[in-house]
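In what follows, structures are represented as structure tokens.
First subunit A sits with subunit B, and in the next complex the same chain sits with subunit C.
Coming up: the complex of A and B.
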């Protein structure tokens, strides 16, 4: 009898120990991943280590960039470069301000141009792409198949070569030296439509039928049923579109200096050469920060709304 | 009086249509603003540029002058141009494995950053960084404008920058050059995948967020393991997005394709731009662009046919 009892006690102890050993790191990991804990402990630790490694690889250039913006010139030109700044200064930004004070066109004008193009271009691209994607995804009518095919086809053509015909059309429409030369072609971008169409195809048709039985008009269905249920898609489109519109220089269509964009002005300043290395570092930090901040805001918006509404049945 | 009559007649006309006809009318109304822009700013230039590829094009004041020469531009692109045919072949061969790795990596990345944990918006932001790093200004600051450093690492933006720093460090340690070359080559590949998986990851992330939580609840109640849940719920629901991301990645890869030929770096788009504008041979450039498009169409068609066999759609 005795040996049996002893062995059970030790087994229990062992099991308790194992549970203790297993749970302690898992609680820690669970805090980070929120997965069910039937994955092995070492698997989880490996995963977090791998992710941290990736995050480091991603963050490394950013750290370098931020530090660069605050480096004095002699530190910038050092080889091999230091990652962390030794004597941080604001000189680079001050110099940038001086350059803009000296320029004929005030800084606010460049910023206004960029904001105007960004807001109208991005909003229009999302609205028109979604409006066009809805019938293509959910209706069948004469020509809808052909249009879908052409869209995918047009994604594959290099925009470099359409530059000359594009210029001819835009100048014939009298759009040279206006914001619309940049904004109108952005409305017709196909990538957004392709993305939206693919997301809308996943919405069950029964949802649309239910709405129309309840008496919703087509426009109400689009605005109140379709658009909320593909919110992650158009937020993604917003991020991508903001990113491209932010970088637009428009130097092909806009020649008047007071209509040029902020990123064009920054690019011109940075392109002068080695003497403006410091200003260039400041410029690239600004160019980097604004899309990043937009991304953070847009993404947190997705998180808040989408966790509650998965509309796929 | 006349006006009201007109409205009534439109109304009557509309109500006489069948349901599918009504839907078609609405479909066209929804499609029209985009379609107009598309025809004007995309389709017309596209067709014109295909037309130019069969012509000798001279840009004159107020337009262009064309002279029909048949297939000559295409023959020149393949037979006389020393770079173009090699660019096309390396483009197709190198892109396909790259796209496969990018897609697998971005699915994993999207699932990882979709979980609920504190600081996930930070995690998402970190994964978004490569997209911004790919832009022109960021990459010129990071890599430097001097040609030596660009040629040394043979890349742009985040990939080039990071491997350059690591290359510097490795050379200073005094390791044999073979090892340095191998390590930096491997790292280059990692950075390459990271730098190109930004948009696919975003697409997958959006795709994951439209999957209903109730599906996961059901899977949990039925006793499915995490492994089974992934293969039987997540992946089928994501499969349309796999198609989208693959098409996007192939096009993106082809667009950014560049290769070393005889020690000089040539990019596909740069080459076309060079021929069309710097050498002022617009017809030849247009012919190259058309070939480039046809190759892309062919590859995308095959790949999407293969993928759409396994894509799962609702109703």
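Coming up: the complex of A and C.
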């Protein structure tokens, strides 16, 4: 009886192993063990090697910037500079804090201004652009073709010369020295609409017609059917819009010091001169980190969508 | 091919018009109006102080016949755009597509890494150090050490090297908004189509790309094309950051630099607007050509 017993144990073990493997198939391992018949293992290995190499190439300036923020002044002024900091210090950040403590307008005020513009500006841009994109993407009606064309054309006109007419319009509307001087033009940014429209064009019309037969109004279709299926698009728009609004200084339209943005304040501090090099490096890092963190959070949402969206014919 | 629902009459579809209304009103005020005004100003002599004076086509005549620097700027812009436009576009797509093959988490990390240069504001700093004309600048130091050159090269001051350096940095910056749109677009391609393709005998990645992925990505390809065109022909920030403004001997002077010169330094708004209109025309023309090409993809 004994040998028989041994064999059952090993079978059990094997089964356990198999279950374990099934339960936790590491995506990366799976990727290399060739799950699809039209993928070669060597192709995958080559791909990963190539991308890793490129990733380092792209990260190089970022690594340099991060290190700069922690360099003492004498290391910053050295030429040629070292990439990696030798004696890391937090002095640059402490100095920045001291400057803000001495400033007439408290730091919190600048941050509030930026947050207000960021939240309203980004949310509004996504909502207005998507709402206008839906009819243009999925319907043919009087004027739809013309509007679409004008929108594409407007993407190609240089903002340098429209700055003057824009200023006149904004001052005539009485928006100078208000947040709206920054927010309202952002709502009209055509890039977002064009992105949303292009993604929405991929949604099959039969889906909309089916929803409409079921009695859903256009607003309901837009909110329940269209927006969920283009989630990758509006998350992308969110990232780019956030990045732009975060960097807005508004110095053309806002003159009152207490309405100025955080990026404006940071920029002013960094502009003073060579003695502020350290502070400038710290400022660069902060300016980089906030949108990057937002990006990471948003991007992980894009990946989540992938598994949930199934709105195709 | 076009999958759109035809609608008639205003009353039955007032919801659709209502949805577009807020955007269209703002779009008219903040985009259509200023652009139209700029186009009109391009036919005038306007210095911001006196009321614009109508001068017909004289701004355009001056631009093409009497402004040698503008012709230099057009040449430089073409050299940069012809290389960075197509290569940057293909690079953005290629990277998005390669990343898409990877497991989700690694894809997310790589997307962020490749997009990082577009987030950080002062990426040019490192390039001015790499390409510094000083014998201790990174590149010169290495080349001297290896004995490839005898004396340091003024990468950013010598007209011979300025454009190649600008092109290199532009390419390195080319993974921007278009790249993100590609990454997002690849994720909306129906997965069942790939499975069906596998059964129907699609043998490798390249066939899958041509027959399934690209046709499904047409809208994103159009979007990316616009982004590439506007950034390639509108190149300007990079040349200023690397070679200064104006660049030595106008060696890296672009149309956008010329525009900036007249629009915000010399304040000749009429002339600046004429430059903007010409640049606009070039972009529109390029876009028409590329849209035609994209329509044929995957067939």
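Note that the second predicted complex is superposed on the first by the 267 of 313 C-alpha atoms of A that agree within 3 Å, B and C clash if a C-alpha of one lies under 4 Å from a C-alpha of the other, contacts with A are read in each partner's own complex, and residues count from 1 in each chain.
Keep in mind that, in the parts below, a contact is a pair of C-beta atoms (placed from the backbone, for glycine too) under 8 Å apart; a residue touches a chain by one contact, two chains touch by 3 or more.
The structure displayed is predicted, hence computed values, not measured ones.
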(request) Put subunit B and subunit C onto subunit A via the superposition and say whether they clash or fit. (result) clash
(message) Between subunit B and subunit C, whom does A:209 touch in the aligned arrangement: first, second, both, or neither?
(response) second
(request) Considering only touches as defined above, state whether A:43 meets subunit B (first), subunit C (second), both or neither. (result) second
(message) Is A:184 touching anything from subunit B or subunit C once the two structures are fitted on A? First, second, both or neither.
(response) both
(message) With both complexes overlaid on chain A, does A:266 touch subunit B (first), subunit C (second), both or neither?
(response) first
(message) Just checking: does A:126 make contact with subunit B only, subunit C only, both, or neither of them? Give me first, second, both or neither.
(response) neither
(message) Quick check on the superposed pair: does A:76 touch subunit B, subunit C, both, or neither? Answer first, second, both or neither.
(response) neither
(request) Classify the contacts of A:225 with the two partner chains as first (subunit B alone), second (subunit C alone), both, or neither. (result) neither
(request) Name the residues of subunit A shared by its contacts with subunit B and its contacts with subunit C. (result) 31, 36, 38-39, 47, 51, 54-55, 58-62, 64-65, 80-81, 128-129, 131-132, 134-136, 139-141, 147, 150, 152-158, 160-166, 169, 184-185, 187-188, 190-191, 193-195, 198-199, 201-202, 204-205, 218, 222, 229-230, 232-233, 235-236, 239-240, 243, 247, 284, 287-288, 291-292, 295-296, 299-300, 302-303, 306, 312
(request) Provide the residue numbers of subunit C that touch subunit A in the complex, in ascending order. (result) 3-8, 13, 15-17, 19-20, 22-24, 26-27, 29-35, 37-38, 41, 48, 95, 98-99, 101-108, 110-123, 125-127, 129, 132, 134, 136-138, 141, 172, 175, 177, 180-181, 183-185, 187-188, 190, 192, 197-198, 202-205, 207-208, 216, 219-220, 222-223, 226, 229-230, 234, 256, 259-260, 263-264, 269, 272-273, 275-276, 279-280, 283-284, 287
(message) Help me check something: in the complex, which residues belonging to subunit A touch subunit C?
(response) 27-28, 30-31, 36-40, 43-44, 47-48, 50-51, 54-55, 58-62, 64-65, 79-81, 128-129, 131-132, 134-141, 147, 150-158, 160-166, 169, 173, 184-185, 187-188, 190-191, 193-195, 198-199, 201-202, 204-205, 208-209, 217-219, 222, 229-230, 232-233, 235-236, 239-240, 243, 247, 284, 287-288, 291-292, 295-296, 299-300, 302-303, 305-306, 309, 312
(request) Can you check the complex and tell me which residues of subunit B touch subunit A? (result) 20, 23-24, 26-28, 30-31, 33-35, 37-38, 40-46, 48-49, 52, 59, 63-64, 112, 115-118, 120-121, 123-133, 135-138, 140-142, 158, 161-162, 165, 168-169, 172, 190-191, 194, 199, 202-203, 205-207, 209-215, 225-226, 237, 240-241, 243-244, 247-248, 251, 254-255, 268-269, 272-273, 276-277, 282, 285-286, 288-289, 292-293, 296-297, 300, 313-315
(message) List the residues on subunit A that touch subunit B in their complex, please.
(response) 31-36, 38-39, 47, 51, 54-55, 57-62, 64-65, 68, 80-81, 128-129, 131-132, 134-136, 139-142, 144, 147, 150, 152-158, 160-166, 168-170, 184-185, 187-188, 190-191, 193-195, 198-199, 201-206, 218, 222, 229-230, 232-233, 235-236, 239-240, 243, 247, 263, 266-267, 270, 280-281, 283-284, 287-288, 291-292, 295-296, 299-300, 302-303, 306-307, 310-313
